[in-house]
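Below you'll find the structures, each written out as structure tokens.
Here come two complexes built around subunit A, the first alongside subunit B, the second alongside subunit C.
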Partner chain A sequence: MNPGLDAAPGIVAVTLVTVATLVIGTWGLRFSRTTSDFFVASRTVRPRLNASAIGGEYLSAASFLGVAGLVLTFGADMLWYPVGWTAGYLVLLVLVAAPLRRSGAYTLPDFAEARLGSRGVRSVCSVLVVAVGWLYLLPQFQGAGITLSSTVGAPTWLGPIIVGMVVLANVTSGGMRSITFVQAFQYWLKLTALLIPVTVLLAVWAGDSAPTAGGGTWSVPLAAGGGQGLYVTYSLIIATFLGTMGLPHVVVRFYTNPDGRAARRTTLVVLALLGVFYLLPPVYGALGRIYAPELATAGRSDALVLELPRIMLDGPAGELLTGLVTAGAFAAFLSTSSGLSIAVAGVLSQDVTGRMWGGHRLGGVAAFRLGAVVAVTVPCIVALAAPNLGVARAVGLAFAMAASTFCPLLLLGIWWRRLTSVGAIAGLVAGGLGSGVAIAWTLAVSDPEGWADTLMGQPAAWTVPLALVTMVVVSLLTAARIPAHTGRFLVRLHTPETLDLDRG
Partner chain B sequence: MSRPWRRRHLGTEADRATFRTLHSASLASPALREGLTRDSAERSIRHLHALLGSPALALTDTAETLAWHGGGQHHADQCPGLAVATVERGSTRMFDRGDLPCDVPGCLIRTAIVSPLVVEERVVGTLQVFAAHPTAGLARAADEVSTWVSAQLDLAELDASRTRLMEAEVRALRAQISPHFIYNSLGAIASFVRTDPDRARELLLEFADFTRYSFRRHGEYTTLAEELRSVERYLLLEQARFGDRLRVTLRIAPEVLPVAVPFLCIQPLVENAVRHGLEAAEGGGHIRIVARDQGQECVIEVEDDGVGEDPDIVRRALAGDAALDSIGLGNVDSRLRNAFGDDFGLVVETAQGAGTKVVVRVPKFAPGVHA
Partner chain C sequence: MSQADPPERVRVTGPPRRRTPGGRTTDIDAETRLGDMYMGSLLREQLRLALGVLTVLALTVGVLPLLFHLVPGLSGVGVLGLPLGWLLLGVAVYPWLLALGWAYVRRAERNEDDFTELVSEVEK
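This part shows the complex of A and B:
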């Protein structure tokens, strides 16, 4: 890619992160508290630690690389991505966090089954978890390809394969499985990997007598924007604000909280941690405007964070910072893809590989391993074959699908007592099909133009209302099928644990 | 034009009547399987009425009306009297106009056939069929239906007694912990009263907390955190007694602490381990308690380095052989299976002289299970 590129810092960083991940994954249990003193049981995971872990798992390639690239290319409009990804937790905090924890559900299909008492809804949810998970994994693998090609000069196909192998090795060996400490560490690693370079680069910029980007203000798009800007923005807001609650790897982390109150506190801390983190990528974008506008025109804007240190600084300092951001980026791929792969593999092992096949049934661990292989291989292959959408936009599509399926289910399931299983299935199918068709369309059409492509490229604004309305209308039509335990279940969801009350 | 395929498909008129009857019966049975209550009576009486085809039908317990279906609602007040009279006799009775005073003109209800509902040789209620004329056929039908309802109620009783048995086992388990453990603990605490009063006080408080948890009345499930806290108290008290002879290692992944587990499902295993671990003569025993996070499941292991056990004996204990002294094992096993399904029974790894490891797997979520 980049002739005469010094590959050493990148290779060192990638190797270090990979080895560290594998070592921690294999020997990770040694880190968990080994003790003979008492009161271990009272040490549940504290909200602050859990929040760091959620941050570590949540901040993916899209946040680490994609946001800066989008701001570079499209300007300040794209700040809606980080704003939405953070604000999603606000919606989660206000409407979902505590009741979801009190429901006792570990995964989204669990919640559906507990709330509606129906295996049918559970199966539909499982399919959707796998779909959202794969959609989210795809850009992680593609991001890995970009990282390796721009820092090491390796061919683009190598990144997905390396990340896929590491994740698979980790997940199947039982390592990194929701070890809170490791995930929490990942958040701080990612924050450091962006914070230190950006501080240095800002100092360089100030020493450079603080130039501004030529040709208008920095907030104006470099690429020509369409007339559909307003629609796209609102659709993006809907997808990101409402999609966060439907991400399979985020939901499972809430189970770790001891009660609903802790779940709320955790979410609050997550908001703060994400708020801090998302200040940084736009700074890279703005600096990129000044020093590296050619990346946007070359269509390699996702590599901005990785290449900016080298562009702005010569010599070992630039190499060192490049190594640091590369390590951070790789940590981002590994932690997010591990979390997602575990979530997808869990669902696959429960509902697919753990079933009877030809009179023969796999045991728990074997089923989980087979599930993990499938969970990683499929998106890895697609990442190699599919066109590169841009890391942040592909993640945006995963959010759109989560928002148009799980968001209505969670909101109505928690706050509306007249939801029925038939209504839930109808809504999930409507939202899933709508967003699925839109995503397939977007992947198939290479250069979008006109309203149809816009509607398909950013579907949340019509698929979320579609799913919500379908769910409500069909539920009202099948009012006879409201589950008998609805009242009791909602009492359990909404009563604080401190109240002494029969939750039977 | 006739449609012969349909006729052949559904069989003769008599066949169809049979199917209708069976269908009505199958609709009524789920409600009745919950026992005779106002709710179950109201849900089942429509289908029972369809079986009999009389103008009205009532279900009562021994003293009051539970449900009425059909016309002539004003007669519902008379049901309790008929019920009491039938319960006294203990067999089907016929009542005529004299017993059913009525001032509503054109009322169809002039006679009643009342059959007792018998569960385990005890009359629990009555089935009352109201009609214009008493016929032998209707009396026979009423009798048969009441026998069928009685059989359903018998099954309900069986379900209830199975649940009661399970609850009784938990209670027995609570009672079983107490006697020698209470005696030994109090003895150990007493030995500290003079030499180390502060420790004695702490131990006494631990003891109080431990018994409060163990004798808790409500709730079938608890969180793993609560259960482990109780285990810690138990071990603290045992260590007061055994001192350095009892060594304990706990390795608990904090992620699994919120998991819901059956009440008192770890404590008996630890008690077994302490007993076996310390039987290993000289140096005392080492007990390891590990709780690991495995994605959708949580794995809890209780391990001792004691004398071990003959696998055959363990197999018998798990099957519930009451002659053996580890009743706790079979009880915990059956409660785990009951809560989470047969995939989640206890796994015991042991051999003579090789220590014992008991593995409990608990899913993080199971429908109907919450702490």
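This part shows the complex of A and C:
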């Protein structure tokens, strides 16, 4: 918290983004009438709008702030994070996108229950959606705290509270339909907020006669680390490539496509949008290495994107660009938190708040609103209390958990006839416990060293195979319990909608 | 009005209905052995395509960490003013992922069209 800081650009930026978010959300409200609007925008969102919304929702604090900070601190190895977050969509496209849409379910627990005809699988999935969702929300709220403290000088607790309240206002009032417009807007805002400053900063750098950091091993992927470094990189690749399909907020978005083909085309546009965006954060990391290496040693690398314009430029130009990146960062927290809150609230409202409680049952929209309050409040409180893990690392752990639970369930559920509910539950529990223990271990160990800490710090390489093998073996052992409607359900998942077939 | 030619007769039709009596969709609905065969072939075709794309992904992007590990000097080699590692991981990988996705979508839709055509044919 720099006392001589000019807070004006940051305050103006945060206010503008917040107001724009609320206004667009309210405007979208006019289209939100039914429960189906709340959950899935009544499934009528066109590929291009939907892809912008997916991009807007997906590019979180980890992408906007975390990648540049990681590259600044650890060098080119960290380029695997954005590569993995993009390639995850390719894996999702080829294995999951169209069948998931055609399944016709609202949420991951819905998919599991429809595919396997079991309430038990549904409950396990619901618990996991909430776990992954909260794990992912936590760094968003903490990132908001960092942003406000480094650009405005506000206390770190203010960010989580502002983001939590804006998300709650939007989600409870308009649900999925209004959020679609908000998030599409926020993708383009985030892209602009990185692109314009980086263009100016590169011009400044060229005007300085293009100095280099002379980084030695910093600029070379996998220069250090030996066998452990190689394991961490491959485990990260597995977590991000396979984890994307299991993120609750990503999956919910697919149900808003009109049909399976639209789901595929949407994913293709998402690949393009993410590819363009991820060209930019590493440039901030590289410039930071030249102009602001002290941020890495001070442990404040997550603030690099926010502070670089002021470091490289004096006067109003620097202030203006600071305002712009602050706006982008805030959009990142708002959009990702909104998407996650909707996903978690959707599950909570179906399985907790929408249940009978004391002879009284809440209606669809009221249950959704109550679910949203719970979904936002819990991680917001934890964010205020818990220590900061580093934005990108916390998100990495959420990916690992999604990859070791929902990825095997979706893959086998879509492509393998012999999956049984018992097998699915066994695999979900094995993957969930494995990654959960690893995450707890990582949070408890402050100074990781040696193979055990490495395996726990990046668990996907062993937890994903563990879950997959458990699911297959237990399913084969309980072959008598293959659901009778499996054949019909696979027809629904894989045949084009134009064919007039019995889809169960 | 009376002298004017009567408006030409227009045939009003709905969207094309794919179910033709005796078509193979009934086999799929009834889950006969023939119907299961059609479904099995569609599933295999789509899975083979998906695994093919993933294999290409693994052999191009997936081997990079191993390659940089085994040939330590490689990623530092300057190409177009950037170290090779940065050029590949920071820039070139994104158009490549998009190209793979585009190729997949084209083929997957063609597989579905072939399947639609196959099961819509009327038995002779």
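The rule is short, and it goes like this: the second predicted complex is superposed on the first by the 464 of 504 C-alpha atoms of A that agree within 3 Å, B and C clash if a C-alpha of one lies under 4 Å from a C-alpha of the other, contacts with A are read in each partner's own complex, and residues count from 1 in each chain.
We adopt the following convention: a residue touches a chain if its C-beta (ideal position, glycine included) is under 8 Å from a C-beta of that chain, and two chains touch if they have at least 3 such contacts.
All of these numbers come straight from a predicted model, not from anything done at the bench.
By the touch criterion defined above, A:495 reaches subunit C but does not reach subunit B. Once the two complexes are overlaid on the shared chain, A:268 sits against subunit C while remaining clear of subunit B.
In the superposition on chain A, A:256 makes contact with subunit B only, not with subunit C.
Look at A:104: by the touch rule set out above, it reaches subunit B but stays clear of subunit C. After overlaying the two complexes on the shared chain, residue contacts for A:418 are found with neither subunit B nor subunit C.
Put simply, subunit A uses residues 502 to touch subunit B in one complex and subunit C in the other.
Subunit A meets subunit B in the complex at residues 29, 32-36, 38-45, 104-107, 110, 113-114, 117, 174, 177-180, 255-259, 342, 345-346, 349-350, 364, 368, 492, 502-503. Put simply, subunit C touches subunit A in their complex at residues 17-19, 25, 28-29, 31, 36, 39, 42-43, 46-47, 49-50, 53-54, 57, 61-62, 64-66, 68-69, 72, 75-76, 83, 85-86, 89-91, 93-95, 97-98, 100-102, 104-105, 108-109, 112-113, 115-116, 119-120. Against subunit C, the residues of subunit A that register as touching in their complex are 76, 79-80, 83, 86-87, 89-91, 93-95, 98, 219-223, 229-230, 233-234, 237, 261, 264-265, 267-268, 271-272, 274-276, 278-279, 282, 415, 487-488, 490-491, 494-496, 498-502. In the complex of the two chains, the subunit B residues touching subunit A come out as 218, 223-226, 228-229, 231-232, 235-236, 247-255, 257-258, 260, 292-297, 361, 364-365, 367, 369-371.
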